[in-house]
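Each of the next two complexes has chain A plus one more chain, namely chain B in the first and chain C in the second.
Moving on, here comes the complex of A and B:
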């Protein structure tokens, strides 16, 4: 009974983590950017969906769409206002660009977080779920919303896999992650590929944010923890490896759920952090990472 | 190094310190209190700059070192009633040990991977503080019975003197042969190693020095505030402020980091009337500096001087 509950809850949380981390790792894999405004973009999506549905009253579906749209716009703004200027800057030496991107996106994330807090307060917001009600799975009363979250996450990740492996654009993205110079030699414009990747990222982060807002609720305080959890999942799985992130998301998700149920919700994040430190010691490149 | 004592930077710094030392004679206690905190923050930022700017270690967790120093000193004083000065020294020592622990992964992993390890260290410390609430005061914070002094002017002078001495030591270290080896090993460890320098030894030294000053400053800050809490010495947001200070002031300048910290804290206070937008404005200014003056305040000033 309890085992089933852990299985089901853990799955939903893990799927959500996986969706959030996939976009993050995709960007790193293709353009070497670690986007520390990740959590802020997710929260922006959730708050936009909440505001559209609760204040403007456009309904849950339109609200969710607006949320994803806001995330897409924020992702583009991040790329064009922060990441691209740093990458193109001639005053910053090449070997230091990584650290400048980290600092820049971190500041950008704080700016988004503060704007959200200013206009919509720090209070926690729960987005109205698209599906309501409770279903009974193997004797566990589960909110339909939780199942909906898990299904959407799996669907989106499946679609992403199709996009990357089966379409021409996706193959260009894949090629850019393997060898950017080779791609440009084949006559593809690298900037266009980056724009596509940031668009995919924005949509993924948006969906993850809106679902998170329906499932657990968000506030501007969730920005830091969300970025940190995506960062740790991605590093645990191996930077740039999408399949590694998926595995890591499930490991972290289940570990947290197990601890919360069996030990105490207060210690929820501790075993995952310990595991992370342990993996860094014995396998610094992460589970499936390349050196 | 000898050239420094005749350089313009030296005279400007000297003049600034002298002006700052006379401040208690004519400004209010409120301004002094603000600057006292800013000076301790300045030491945090300088210690961070040594590790990041010179050794090239992406340390997202300056508050791990600060927090260990601050809480060790605070707990020893609050739980065992040991004297303030002993507690401060022990806090700094505990921080050095924490620095060695943090250095272990740094010798194995690099870049973002090390950055994450340091971030995890902060989160672990935060969890530790909350879980062992009996000892640490938990989320509410630890009340410390003793303070160094309650005189605002004396506190200000202690902070100023401490920052000046730390700045002199850290700047001297960064300009010494040791600092140059550190810088080389940060930029290209393989080549620096091939030239015969012991990188492991130098990096360990950088961690120890950075931890010592972070811990000492954290412990002093705790005895100034009279309380130690996650929000003031451990939280990731505090660490972000330290990083932003160093980047604003100019990385690899050490002195710039202190300047950035003072600017950040004073600007935050000036912007208080704007309410919740204060952090937004400070972050936006910092982002603009990062984008348009990647060398920071001092970096921009020094390069202009070098050109003319």
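Moving on, here comes the complex of A and C:
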């Protein structure tokens, strides 16, 4: 009974982690950017979905769409207002650009966080679930929304796989992640590829944010922990490796759920962090990292 | 009339009018204003009402002529829920803005950090919403030093009593409940609260089956509710303030069949219904007042005026902050001065009927020195329930507007 409970709850949270981390790792793989405003973009999506549904009263579906739209816009704003100017700058030496991008996106994330707290308070918001009610699975009373979350996450990740491996645009993205110079030599504009990647990222982060808002709820305080969890999943899986991130998301998700059920909810995140430290010692490139 | 002349005339009239205005305001408020610093969590549901309510009280007092011709001036500081920011704000309020008294915070950790500063800077300081017993115990332990701090809200010990008094009538006598699980966040204010619960729940006939303390950072409450359900209690007795929206929404989404009853600070604010998408339905929480509840003749007009001005009903800390401005003004009037020591003496003699009941402070010899007195005829608190999207008083019977009722997923065992 308890084993089933852990299996079911762990799956939903892991799938959500996987979705959140996939976009994050994709951006790094293709353009070498570690986007530390990741958590802020997810929270912006959830709060926008909440505000649209609760304050403007547009309904659950439209609210969710608005949430994803806001994440897409915020992702573009991050790229055009923060990341691109740093990458294009001639006054910042190339070897320092990474650290500038890290700092820039971190500050950008804090700005978004403070704006959300200012306009919508720092108390948690929850997005009205698209499906309500509970279903009995193997004796475990499971909210339908939890199943919905898991299904949507798997579907979206599946679609992403198709996009990357089966379409021309996707193949260009994949090529850029392997060898950016080679792609430009083939006559493809690197900036266009980046825009596509940021668009994919925005949509992924938006869906993950809205689903998280429905599943657990978010507040402006969630910004830091969400960035940190995506970051540690991606590092554990191997920076830039999408399949590595997927595996790592399930490892972290289940480890947290096991701890919460079998030890104490208060220590939920600790074992996963210890594992991360351990992996860094014996395999610095992560589970499936290249390098 | 040529343009230059008309301009000059207009200038002269303007100056005269301004002079007349100055003279008028000078006549109404002869002396310096009484300055009250308000340090609060402007971005949190419970804290946001504090500066708003204080300003409302000041505006009313000023409209009625002020205190002996002196105007009340509220100076607000946002502390971002941080103790460090609060200490800086306190220092600035006293040293630069020269406030005469400070009203601050609903978070016990913040108030405990400010208490020594009230002592060092010798500035009367009242909290509208923190609950930890340690606040008034420190005043008792070192009266001469800490006498500047007043606890304008119930202590955790009194809160536990209030919840138990309500639980006896509503849960034990009416619904024949026998068992409970305590669920509280790990924070300074819940330590004495939990001790209080452990002590008084068995006395009223509720056996405590389990006691779960969780980190205020918790986002996923599934394992917690799961564990609680495992011990099959009749009721969950809550002690939550930093969290509120998330456990409530997850309680509803997971259809946890056990009712929640106790302290839930965020539930005291009207915006809670929207923040939880109405998941609050059926939640029972302790309050000192509430919309439409005439605890005293002042309660309802205050709540309505507040809503008219700010668009929503105040949180619990709004009621207390409003009263605090009034009894601080009353103390200044009785002391005939804003001198800190005279003000402390006058505050100790406070006997003020506010929006939450009759406010008096425990004296030097009581273990809870400078905390507001709990009891019949003074402040007893009440229990409210979210019903059909509204906060409805259900206990005590003098103010109750409805019977308690629960959403369909709640299974009452008796």
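Before moving on, here are some points about what is shown:
Keep in mind that, in the parts below, the second predicted complex is superposed on the first by the 291 of 291 C-alpha atoms of A that agree within 3 Å, B and C clash if a C-alpha of one lies under 4 Å from a C-alpha of the other, contacts with A are read in each partner's own complex, and residues count from 1 in each chain.
Basically, a residue touches a chain if its C-beta (ideal position, glycine included) is under 8 Å from a C-beta of that chain, and two chains touch if they have at least 3 such contacts.
These numbers come from a predicted model, not from an experiment.
With chain A as the common reference, chain B sits beside chain C without any clash.
In the overlay built on the shared chain, the residue A:82 is in contact with chain B alone; chain C does not reach it. Touch criterion met: A:224 reaches chain B, while chain C stays clear of it. By the touch criterion defined above, A:110 reaches chain B but does not reach chain C.
When the two complexes are overlaid on their common chain A, residue A:102 makes contact with chain B while staying clear of chain C. By the touch criterion stated above, A:118 is placed in contact with chain B and with chain C alike.
Residue contacts after overlaying the shared chain place A:280 against chain B, while chain C stays out of touching range.
When the two structures are aligned on the shared chain, A:235 is found in touch with chain B, with no touch to chain C. By the touch criterion defined above, A:266 reaches both chain B and chain C. Between chain B and chain C in the chain A overlay, the least Cα distance found is 5 Å. Residues 117-118, 266 of chain A lie at the contact with chain B in one complex and at the contact with chain C in the other.
Only residues 43-45, 48, 81, 186, 213-215, 217-224, 226, 243-246, 249-250, 253-255, 266, 271, 274-277, 279 of chain C touch chain A when the two sit together in their complex. Across the interface of their complex, chain B is touched by residues 34, 82, 85-86, 89, 91-92, 95-96, 98-100, 102-104, 106-108, 110-111, 114-115, 117-118, 224, 228, 231-232, 235, 239, 266-267, 269-270, 273-274, 276-277, 280-281, 284-286 of chain A. For chain A in complex with chain C, the touching residues are 5, 9, 13, 53-55, 117-118, 121-129, 132, 134, 141, 143, 145, 216-222, 225, 257, 260-261, 265-266, 268. Partner chain A is touched in their complex by these residues of chain B: 52, 58, 105, 108-109, 111-113, 115-117, 119-120, 123-124, 127, 130-131, 187, 236-237, 240, 243-244, 247, 275-277, 279-280, 283-284, 286-287, 290-291, 294-295.
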